[in-house]
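Same chain, two partners: chain A is paired with chain B first, then with chain C.
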Partner chain A sequence: MTIDIPFIWIAFKEIVKSLPITLILTVVPLLIGFLIGIAVALVRVYQVKFLYRAANGYVSFFRGTPIIMHVMLIYFGFPLLINQISERFDLGIQANSIPIILFVLTALSLAAGAYLSEIIRSGILSVSNGQLEAAYSVGMTSFQAMIRIILPQALAQSIPNFTNIFVGFLHTSSIAFLVSEKEVTGAANIVASTNLKFLEAFIAAGMIYWGLTIIVEGISFLLEKRVTAYNRGGVS
Partner chain B sequence: MISLKGIKKTFNKQPVLKGINLKINRGEVVTILGPSGSGKTTLLRCLNFLETPDTGIVQVGNIQVHSEKVTKKEILSIRKQSAMVFQHYNLFAHKTVVENVMEGLITAKKMKKKEARNQSEKVLAKVGLSEKLDHYPSQLSGGQQQRVGIARALALNPEVILFDEPTSALDPELVGDVLSVIKAIAQEGITMVVVTHEMTFAREVSDRVLFMDEGVIVEEGTPLEIFNAPREERTRRFLQRISSETFFTQPKKQVN
Partner chain C sequence: MGKAFDPLLIIEFIPTLVHYLGVTLQILAASIFLGLILGIAAAIPRLFKIPLLNQVVILYVSFIRGTPIIIQLFLVFYGLPAVLMLFNIDISKLEAIYFVIITYAISNGASFAEIFRGAIRAVDYGQTEAAYSVGMTARQNFFRVVFPQAIRIAFPNMANSVIGSLKDTSLAFTIGVMDMVGRGDTLIASTAHALEVYISLSIIYYAVVLLFEKIFSKLEKYFNRYQKSNVSTTA
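Up next is the complex of A and B:
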């Protein structure tokens, strides 16, 4: 077997067309997961009654099982659930009319929420207690202190971790290929099997992922430098 | 104006405050002395409910609360009567100098941003930091940071400013700067409660000195009474120890 180097470029051009789907599958779950993460982190930090147990269970389950399983559970389980509910309340919704990508986005968002909540929680815990006391001493409510003093510092300190998660989810989005969502890995597979050039196609896909990762790391570096300037004696 | 009645506080079954009664009048400058572990910082923190006493009545300004059944709302309103200067400054790390001072004005006093900034700049000028408005705390020396801390407290125009060992974390050469700022404020007639180890400062600035040990106020009086003629044996021993430490450098200031 020989390697067809020019075909890598041909495959690249074909595969890169699916990049938007990969980006959607990365960015949307992380944005939704971020909101879930903040809510769950706050519930766990404040130990809100009852909700606290649910939040613990949620984080434990989604971090304790592979993301591929969440995708499968939701992809196969939700249609059943939706059809049942639709039947009972006569909503007239057909599960198979729902685009697959919504199931994948749901699964990835829930997983992202669990991972991000732990990052945000550890960020909150890393802000020194003195900051909170100072906020109280000038007469802030605990809500004001959290929003204006603790969270901004917690999130700024978490940027390297957010980058990690972003890169992780960029690669995890390839799982969607298993439920026939045509993102970068899915496209690579199609190009590979129609041309019977597997190595070349996956090299091309790998280059796309790697390139994206390098870009993301660069952005994160600049962002981190800007946002945490206060910590390093940088000028505002 | 400030009154404490029967304040008790226990940490892990270890009594730290064993029934403190105290009255402080408007405009009075009170310093609290005592060996470490005597409960002086805890007492100060009970005044703005950074620690909630187990029992007792706390009154600051016109707000009076029973600590057994204090509500969040009461705690908030009592905190708005006071401001605190911390041992480790505790400036908001992600905010510039002027934003640090503005923060309380905007959130607690509901002031407009512009007005808050004006007022903050005035107060910062008073502590000699007009040049540093847009610096972050991490870019300042300890002494400058503590002056921002003082400005942050002062800007709120509180009934009382609580100082928790404001110079203990500073390099010796920076202590003087901060103390002279505090002294200047004291002369403006603002009520102050100061926990400190600076004996000269306590002697020069305070109207009244409290000596605490093992969770009780052992003795109180004017600086003259406490430093020159302490009645209690424990006070005498404490002052002796302190003065013997500085014996070689400042023999004049030795007491007893």
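Up next is the complex of A and C:
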């Protein structure tokens, strides 16, 4: 087996077409996960009765099991659930008619919610208590203080962590190919097995992921500089 | 899509699957051990800014951080035999588990290298100055003063890395390794109860991760035993 270098470029052009699916599988779960994450983080920070335990359990479970398990549990579990509900209430919805990508998106969103809630929570806890006291002293309500003072600082401080999660989920989206989703890894797998050139196809896929990661890290670096511009430290 | 859901099967599957936990832990232990060696080797050029090697390590870390583990797995699985063939070494008959261990070792090595580098640089330079002022050599300073403090700083990140790696081993089955998930796959093929198998697998992974977290938090307390409580990271 030798390496066919020109084929890497051919494979690259073929695989790059599936990039939109990878991006959807990365961005949508992170957006939904962000909303879940904020809600869960607030529940945990304020220690809302009863809900607090549920939130802890959710975060602990999703962080404590591989994401491939979440994908598989939902991929196999939801159709059963949907069919059962549909039968009971006579809704006439067939689980087979639901595109697989929705199951994958659900699973990834739930996982993203758990990871993001931890980041947002630690962001909130890292904002100095004096900020909250200052907000109260000028007459803000708890809600105003949270929305106007605490959250913006917490989120700005969390940018490096958000970048890590973004890159992490970009890479995690590759497991969608295990449920035959045609994103970058899935496309690479197809190109590889139809041409019997596995190494070249995966080199091309690797380059796509690597390039994307470098771009994302670059953007995050610029963003961090901008967003934390107010935060100059003590003397200057 | 298989047969009706049967909760009893979940309990029935667990012992069968736990039997293969050993393989998963074996992959983990071997790849962590090799990763530690690789990580230390990779951190040195970064810390001492050795020309060329420094750039090679930067590229290595960037690549590992920039690609999904599953792609790395495929690259090693298909690439390593091709590369070694150039030197007339035939490893195409090698068992899949070795490719998994090599991949995870390379991947862990990159994250460990970054963790070590960060930890050593996080030790206050005043410590080194103090060590020199009492007449220690550079080597004594490193092993007696800087390194023990760096371990304490690196430990929580290392623990996270190990747990992440444990969860990543669940992808080993994609190249045909008979670990827990691989065994689960064959169970699905023979019983068609996919959901129950994956619930059992999740329970086992969750239990192992919780156990690891418990052990690591104990160890972290131990490493921080000389820290004053107000600066402890375990609070």
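Everything that follows uses one rule, which is that the second predicted complex is superposed on the first by the 232 of 236 C-alpha atoms of A that agree within 3 Å, B and C clash if a C-alpha of one lies under 4 Å from a C-alpha of the other, contacts with A are read in each partner's own complex, and residues count from 1 in each chain.
Definition applied: a residue touches a chain if its C-beta (ideal position, glycine included) is under 8 Å from a C-beta of that chain, and two chains touch if they have at least 3 such contacts.
Here the structure is a predicted model, which is why all the values come from computation and not from measurement.
S.K.: With the two structures laid over each other on chain A, which partner does A:I24 touch: chain B (first), chain C (second), both, or neither?
M.R.: After superposition on chain A, A:I24 lies in contact with neither partner.
S.K.: Check whether A:G64 is in contact with chain B, with chain C, with both or with neither, and answer first, second, both or neither.
M.R.: second
S.K.: Looking at the overlay, what does A:G130 touch: chain B (first), chain C (second), both, or neither?
M.R.: It touches chain B, and chain C stays clear.
S.K.: Contact-wise, after the overlay, does A:G206 reach chain B, chain C, both or neither (first, second, both, neither)?
M.R.: Only chain C is touched by A:G206; chain B is not.
S.K.: Which touches a greater number of chain A residues, chain B or chain C?
M.R.: When the residues of chain A touched by each partner are counted, C comes out ahead.
S.K.: For A:I3, using the defined touch cut-off, is the partner it touches chain B, chain C, both, or neither? Pick first, second, both or neither.
M.R.: After superposing on A, A:I3 lies in contact with chain C but is clear of chain B.
S.K.: How about chain A: which of its residues touch chain C in the complex?
M.R.: Touching chain C: residues 1-3, 60-61, 64-69, 72-73, 76-77, 79-80, 167, 170-172, 174-175, 177-178, 185, 188, 198-199, 202-203, 205-206, 209-214 of chain A.
S.K.: Which stretch or stretches of chain A touch chain B in the complex?
M.R.: It comes out as residues 128, 130-131, 133-142, 144, 148-149, 152-153, 156, 229-236.
S.K.: For the complex, give me every residue of chain B touching chain A.
M.R.: That would be residues 48, 50, 72, 76, 79-80, 82-84, 86, 88, 90-96, 103-104, 107-109, 134-139, 152-153, 156, 162 of chain B.
S.K.: Give the list of chain C residues in touch with chain A in this complex.
M.R.: Answer in residue numbers: 1-2, 5, 62-63, 65-72, 74-75, 78-79, 81-82, 85, 167-168, 170-171, 174, 181, 194-195, 198-199, 201-202, 205-206, 209-210, 213.
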